[in-house]
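Provided herewith is a single structure, encoded as structure tokens, for subsequent inquiry.
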Amino acid sequence: MFRLKNLRKSTKSNLITFGIVIGFYLVIQLLSALGMLSSSLSGQLVPICAYVILAISLNLTVGILGELSLGHAGFMSVGAFSGTIVWTTLYGQVPNWLGLLLAFVVGGAVAGLFGFIVGVPVLRLSGDYLAIVTLAFGEIVKNVMNACYLGYDSKGIHFSFKDAASMGMEADGTTIINGAIGITGIKKGSTFILGIILVILTLVVILNLINSRAGRAIKSIRDNEIAARSVGINITKYKLMAFITSAVFAGIAGVLYSLNYSSLVAKKFDYNTSILILVFVVLGGIGNIRGSVIAAALLTVLPEMLRSLNDYRMLIYAIVLILVMIFSQSPQVVAWRKRMVEMFRGRFSKRPQAKEVQ
Amino acid sequence: MQFLSYLINGISLGSVYALIALGYTMVYGIAKMLNFAHGDVIMIGSYVVFFAFGSFGLNPVLSIVLSMVVCTILGVAIERVAYRPLREAPSLAVLITAIGMSYLLQQVAQLMWTSNAKSFPSVVANSSIFKPVSLFDGQLTISAETIVTILACVVIMVLLLYFINCTSAGHAMQAVSEDRGAAQLMGVNVNATISLTFAIGSALAAVAGALLCSSYPSLQPTTGAMPGIKAFVAAVFGGIGSIPGAFLGGILLGVIENLSKAYISTQLSDAIVFLVLIVVLLVKPTGLLGKKVNVKV
Amino acid sequence: MALLEVSNLGIAFGGLQAVAQLDLKIEKGHLYGLIGPNGAGKTTVFNMLTGVYTPTEGNIVLDGKDITGKSPDLISKAGVARTFQNIRLFNDMTVLDNVKVALHNQIRYNMWTGILRLPSYREKEHQMNREALRLLKIFDLDKEASLKASQLPYGKQRKLEIARALATNPKLLLLDEPAAGMNPNETEELMNTVRSVRDQFGIAILLIEHDMNFVMGICEEITVLDYGRVIAHGDGKAIRNNPKVIAAYLGGD
């Protein structure tokens, strides 16, 4: 039966992806038990999970919805800051598991809210405009968080954009965000197992979304917006759904990332970070979720292992980005590749023309 | 008086944005692509001036001409190698390639000249023609750089408008921008026209780079990135594809940036500039002087 | 009352009046042709009927409901489906998924049902697959269900577009040059398909076509447009003999 085969195919592919994640976890556990895990790699485990989540969620926007977002680090940043504030203020007052849960829920929700705020106006625009506005959003978040001072004392919450002193706090006040210095003294909340759980959660939500009615609607917008509207798809709704879901998981990844370190600065989440995530998505294959997982993990680990390559890392990424695009997207190159494949197969007989463009 | 000084400096900064925005807007109008690497061409051009004029003591005008030549070649080469194969590809692919190109230029610059900031010598510092002007009994001083920047921008703008409207190459550019297929059928060499657009845009970027670094004398591999993005904002602000729009958008953006630096917050000035972009796109997505584009069904 | 009643419909782009004073009445179950020389404004009429363009004057009433100027997705829900002159399929999606997208408003479940894979997810997905395969079978496309739409040959892409349009459960189907690029055999086959679709689904079909044999062969009623205005209306015979129509096609005055 065709029906069964089809369902089984997508499920099987998804199971392989989950298998890779769990396999990775088991291998790391084994290495760790054998004492073979280098300290540099073990320090990278949580960031790897965070980058994997970021790459999966960005792929939802870039690969499934077909819109380029250059502000993914911005969503990561608002998630990280809001989640970390929750974690830090609640630390010691509620059980740690509850504090963590709340931090992730708040981080994801705040990022999702920003996704909504940015998405509503912007998704009416197309392509290049969306890219530039998301880039602008990322820069705004970075600049605002960099100039933001937040604290509380017995009289309540204080806030300033100038400096710590102008918050006008009492002597007993506690500074939470200290401008460019950010948040310091964060208690470590993230662990590898937590990261893996979040990766799996992200995969479940996003893969299931893609293979559902809503996911098909999103893909149809990517393939042909005019046709999508003509078959009754409310494109604003589904664009927003994809964009907000993507932002929520970027926020969650931001919390995971920031709770792994003792301090959090806004500068970490800049344009370069957004591009780095985009590199993972492009190299893993646009629209290919499993590819994103593997690319994000490998490209986070490799430079650590090949320190000597570090100077050239971004140079190589840049070249690879260009080559991958030309090789996979240029009509002439694609046609040439097809011809080469035909030749290797030794089939010179003419094949049915796939498409005659009118 | 204070305000006037901020305003004039804003216009000067805006003139630089306008020059860069011209490159964006022409390329966008004709090749229908967002050339992310444009800002980094500026940076390369500035390094050329830095070495020619600063290190080898070449005449400033000659240095800028040399930089224009280098940038023109670079711009045309980038188009030929990276963008042309993707001309019929989805816009997402072109955009990602342009981002890759932007990164490539920055990384190459960093490997060649390190990421340390170089102190850029002003190209008009010892000029015998352009001197700082002092007005209102010395209450208001306008630097030579400011004067030259604004003058250069106006002159280039006039020349460019003349070129676009009164020469056959300019008409070809308008035709390609209007309808690439039809222009080709009418005998316009589309490839050559697009190359010419990249050439002009890149040459202007070289001028913009020299002027920018003369006013803000710190040169790094990332120097071009932020002004590049802001100039794109200016182009969108003015209406992408429109040359007077790029001029207007650039000047307005420079003024807004400088005034918010002076009166609101230095740290938040960039955020304000980008906020302006988002508001403009919300209220008038086609920008101040842009025209509406209809998609054929 | 007719299924579709268009009265005094017009649209101007800037100063150019592309379509003016158009009246159309399409009865339920009718096969209706809209013809005219190139640039007469036929596709523009389709674009107004489906909400891609907002008319500058006039009304469109479908089944007693005013749909003038509504957005394309709402008009699709109201019961108008279409195909496109230059095929617009969801190229990177499978043939099956192309049809399933169009079932969007027919078989529904919400986002959370999909994400959490609630029991109704499976049930609804099976229902969708059955329905989509049934439609594909009508067009002899069921064997290609798992191919990507872009991998289909040209003629099958045209058929898939019709199948997709039918999946939205329309009352009125608009076909924009369905026989373009087809050879006489394929055109003959398409004529039979269009007729059987009308009979099977009981819907009205409005089509634009340049192939006169096709139009004359299946349309019960024809309207001729020239320079955005109706110059003739009637059955095939009346149109064929109308001197205004002949003049418009031959370029005389």
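For clarity, chains are labelled A, B and C in written order, and residue numbers in each chain start from 1.
Keep in mind that, in the parts below, a residue touches a chain if its C-beta (ideal position, glycine included) is under 8 Å from a C-beta of that chain, and two chains touch if they have at least 3 such contacts.
Keep in mind it's a predicted model, so treat the numbers as computed, not measured.
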Nearest to the mean of all protein Cα atoms is the Cα centre of chain A
With centres defined as the mean of C-alpha atoms, identify the chain lying farthest from chain A. C
Intercentroid distance (Cα basis), chain B paired with chain A, Å: 32
What whole-Å value do you get for the distance between chain A and chain C if each is reduced to the mean of its CA atoms? 40
Hey, how far is the Cα centre of chain B from the one of chain C, in Å? 47
Contacts with two or more other chains occur in chain B at residues 297
Multi-chain contacts only, two chains or more: what residues does chain C have there? 52, 84
List, in ascending order, every residue of chain A touching at least 2 other chains. 226
Per the touch rule above, chain B residues touching chain A in the complex are 28, 33-34, 82, 85-86, 88-97, 99-101, 103-104, 106-108, 111, 225, 229, 232-233, 236, 265, 267-268, 270-271, 274-275, 277-278, 281-282, 285, 295, 297
Quick check on the complex: what are the chain C residues that touch chain A? 50-52, 71-73, 76-77, 81-82, 84-93, 96-97, 100-102, 104-105, 107-111, 113-117, 121, 124-126, 128-130, 133, 142, 145-146, 150-154, 157, 164-165, 167-168, 180-181
Can you tell me which positions in chain A touch chain B when the two form their complex? 62, 66-68, 70, 121-122, 124-125, 127-129, 131-133, 135-137, 139-140, 143-144, 146-147, 161-162, 226, 271, 275, 278, 282, 286, 311-312, 314-315, 317-322, 325-326, 328-333
Which stretch or stretches of chain A touch chain C in the complex? 2-3, 5-7, 204-205, 208-209, 211-217, 219-220, 222-224, 226-235, 241, 287, 352-358
